[in-house]
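Next, two complexes with chain A in common: one pairs it with chain B, the other with chain C.
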Partner chain A sequence: MPLNNTHGPDLQTKHATLDHNDLQMPVRVSDMLDLEHELDEMARDLVDSQDQLLALYEMNRSMRSNADLNDSLVTIAQLARKLLRVHGAFVALAMPDQPLKFVQDPPNYAKDDQFTLLCDSSPNATREWFLEPESQANTFGIPIQNGYLRRFEIRPDVCAVLGALNKISGNFRSPDIKLARSIADRASSAIETALLVADNIAQARLQTEMALAHRIQAELLPKTTALPDRIALAVTSTPAREIGGDFYDMQAESDRPFAFYVGDVSGKGTSAALLMAVTRTCIRSQHRYMSHPDPALILDRVNRDLYGDFTDVGMFVTVFYGQYLPKTSELVYANCGHSPVIYLPSDGNPRLLEADSPPIGVMDMTFCSTHQLRFAADDILVITSDGFNEAANSDGVMFGIDRMMASIQTNRHASAQEIVDALIAEVNTFAHGVRQDDQTVMVIKHL
Partner chain B sequence: MQIIEEITPEKLTLRLSGRFDAHETPQVRQKFTEHAPKNALIDLSGVTFLDSAALSTLVQAMKNCRERGGELTLANMPQPVRIIFELTRLDKAFNIVNAPDAP
Partner chain C sequence: MNLNIQEHTLRIVVLSPVGAIDPLTAPTLRENLTRLLDDGVTGLIIDLSQVSFMDSAGMSVLVTALKRARAAGGNVKLVWPKSDAAKRILTLTKFDQVFALTNTADEALASWKTGK
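Moving on to the complex of A and B:
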């Protein structure tokens, strides 16, 4: 009894427990099988999630290292196919004034039409589409079991569609859609980065080309030249942008009179610079090869040569062309629309040498004549582009020709270079250093 | 710059006012491209300034009208604008009048 008393209840309890366990065993095996199955599912999901996380990491990494737009689109399509477990994935990118970019993985999986229609960025426009076997939205040219399309905006005028076609198994479920949205978000950033890089590269290329053009243009304009006896000449030309439409040149050739000219192509920038170079070459050539290089005749020939080109581009050029004749101490010149040109005789007041013909390129003929002018000791000729007299201050008041004349008169006893420097300094002070137009000034002084 | 446009089968008339410079020239070019007029009149009475880009636009418009056998007339130039035309001798190239309703 004591034994019983001692152990009886325990044994009874144990027995009772055993009995209970024996009775519940089939149920437990079934639960365990279920649990094992669930565990397998969870393990598979975990592996899937790890794969997806790895693929997302890979996507982020490759997106960061991909600066090229096409490479970025290929990466997006490849990773979308892998992550969403579909037979084919694509990205369609619509940008203004460019053909639609369509990149898919694998290549040539589906047709690439109709996507511009989906790229509607209005607020109420559909953002996502689910495709079914009979879906009317199927314009891919292949059988579609299922598909998911997601539209996303990169910029207000740049839109893309991410597409996933034909799941390898099953249908698109909620996690797939969440994942597709996440891929679209990352794709949006990656495409924006690639576009910014492309913009920066284009900008850098343009700046390099402009710097090169600036250098070439500066090289075209002579710094020094052999001058006739007792003639001093100073000249400077500063474009408002990297390159400009102003030009000047001097030509000293043994069998020709010393020639000098200043021109101003209407407008600024690249087209003006190109026409400036053509006009300068044309004048040089006429001066060098014409049997009697008469100023008015030279400008008329140049006009005949270039009228068609100037008409095609809708521009014109003003030119003042002069020659110094040492034997007679004279200047001979012709002026097609150029202003201001200021003549300051040693014994008189400054006066404008006005044009007598419209600029080159306006009409198919010029009206200019060759004029003669005394050019002896202490006489001064100043030719500038309109960037000087039209330089305006903050009140919109222009520097004007009268102030130019006053400056030249004040400095009439200074050197040619000092007259140039003084004029530039006065205009800069007046316009508070703001240069609105190309500025060219040539000063010729008889010593 | 403000542009008032009148168009009839015979003529395009533009009345310009304000600053006529490189920023405004595309609008004027557009009017000439759109209507491709044989004859045109541009009233410049309200123009306070015009630059070389504006002059180029007017020259181009004049050439286009003449190619079609017509003419571009510039009317009512204020003194500062007239001075620019005189200095560049573009006054010799254009038909310039002082009556706003000139043909």
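Moving on to the complex of A and C:
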């Protein structure tokens, strides 16, 4: 403020002004000091913000290369410790049906047996809290000067806690909290990415295993076999999923009658496929080693062998087992709950060969008998699983046994393979190409 | 005079599913049957009169319940479905040899009382 004016009248006025200004000076200095202080604060905040941005950039860069969940958790803990300038940092991850994942930096810094309590995924759970110097000492097993914990959700049933324990200097300030929140946000998306990658890997592994199982199951079902003279056989089996519970087999052995069979394990998928393989092996063994391989006796022995296993898993299997006897031009067969089996004699109409016993695995004994059937020139036998007759169209109407019989009758002069192809085509057309169940069809035709 | 009085109460539960019993709906029936059997109920009547269709998944559920009930000294009785499709699976697969079948739930209850 200038004080060099010495004019009379003006002087008085000036003096008065000077007096007034002199009174304002301490106030203005105080304002300036306040402003300066605010500027310092803003500059410090700016520096902090810049530090945070740089820190988050570094974190983003570090996290980008991590796809593994454990590696991600380790990186989060390491970066949180470094960026928040604390002696120890941790991240605890709670997922359903899995033990708590807990990673800290440095390793073994704090006791980790209490962290499950922190991961409360309820909507009203505390999102963030500070640790008092002494109250939490027993929880973490180390002296706590200060601490900040933040809970964050990754999925509705997956939550985590980021913890920072013991600032290297001072206490947690507002920029530290903002930074910790940003780290938690970034950690949330990094963990979600790692979980998605883990899900995809698990899915890919499952698909690979299922493809392998599909290939093995397909290998179990024979493509060709030596057939008796004047017998044509065509067969195909398509599971509704990668693997299924349907099976078929043919056995041509020098001292045994030619045998063929079709089975259908209740249910679908892996469990059905496992029991399908067991049942097929069991029938093969009985057919090969039984001194007189009578069809009804074979199925009864198979039932005795497998009843316990099927009971344990609450499933059963329907089986139609037949043999061709060329000397008498006959089929002998036994049927445990399998349907439909359609016999079309050359001189008559198709008829259903109904079961006379419940499926294998339902009771501890079977009631089936061995039946005989003429099987001479142009006679046809068609054995399918229920995936054909129960195939439904969009109105819920099933293809049914009558349509199957009509198809077979229409194509009675066609080859065994053509009868198979026609039946599949008709069912597919009827059900608009939607396969709801495993589909197996075996056609045997006497030439 | 000595007078010994014994009172026996037979607990029989009637379940009446409606609609199709297939791979989608069978688990619900299985859960209910399992819960009842876990609670000690060994007398079960499953009224299939309003069941439109039943496949092997449904039959598996019934067979499992039957085995558990019989192992505990009880039984599972069925009421014939009115639908031909559902009736046919019982006859074609010969499950009519496995289960006691009646035309109504009342008949099933009466047969239990008379021990038939």
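FYI, the second predicted complex is superposed on the first by the 383 of 447 C-alpha atoms of A that agree within 3 Å, B and C clash if a C-alpha of one lies under 4 Å from a C-alpha of the other, contacts with A are read in each partner's own complex, and residues count from 1 in each chain.
Rule of thumb we're sticking to: a residue touches a chain if its C-beta (ideal position, glycine included) is under 8 Å from a C-beta of that chain, and two chains touch if they have at least 3 such contacts.
These numbers were taken from a predicted model, which means no experiment stands behind them.
> What does the overlay on chain A give for chain B and chain C, a clash or a fit?
clash
> When the two structures are overlaid on chain A, which partner does A:386 contact: first (chain B), second (chain C), both, or neither?
So A:386 meets both chain B and chain C here.
> Determine, under the contact definition given at the top, whether A:439 touches first (chain B), second (chain C), both, or neither.
Touch status of A:439: no partner.
> Answer with first, second, both or neither: which of chain B and chain C does A:267 touch in the superposed model?
In the superposition, A:267 contacts both chain B and chain C.
> Hey, what residues of chain A end up touching chain B and chain C alike?
Dual-contact residues (chain A): 264, 266-268, 311, 314-316, 318, 337-340, 354-359, 362-363, 367, 386, 390, 437.
> Name, in rising order, each residue of chain A that touches chain B in their complex.
Residue list for chain A touching chain B: 264, 266-268, 311, 314-316, 318, 336-340, 354-359, 361-363, 367, 386, 390, 396, 437.
> What does chain C use to touch chain A in their complex?
Per the touch definition, chain C meets chain A at residues 23, 53, 55-57, 59-61, 63-64, 67, 85, 91-95, 97-98.
> In the complex of these two chains, what residues of chain B are touching chain A?
22, 49, 51-53, 55-57, 59-60, 63, 86-90, 92-93
> Quick check: in the complex, which residue numbers of chain A touch chain C?
264, 266-268, 311, 314-316, 318, 337-340, 352, 354-359, 362-363, 367, 386, 390, 398, 437
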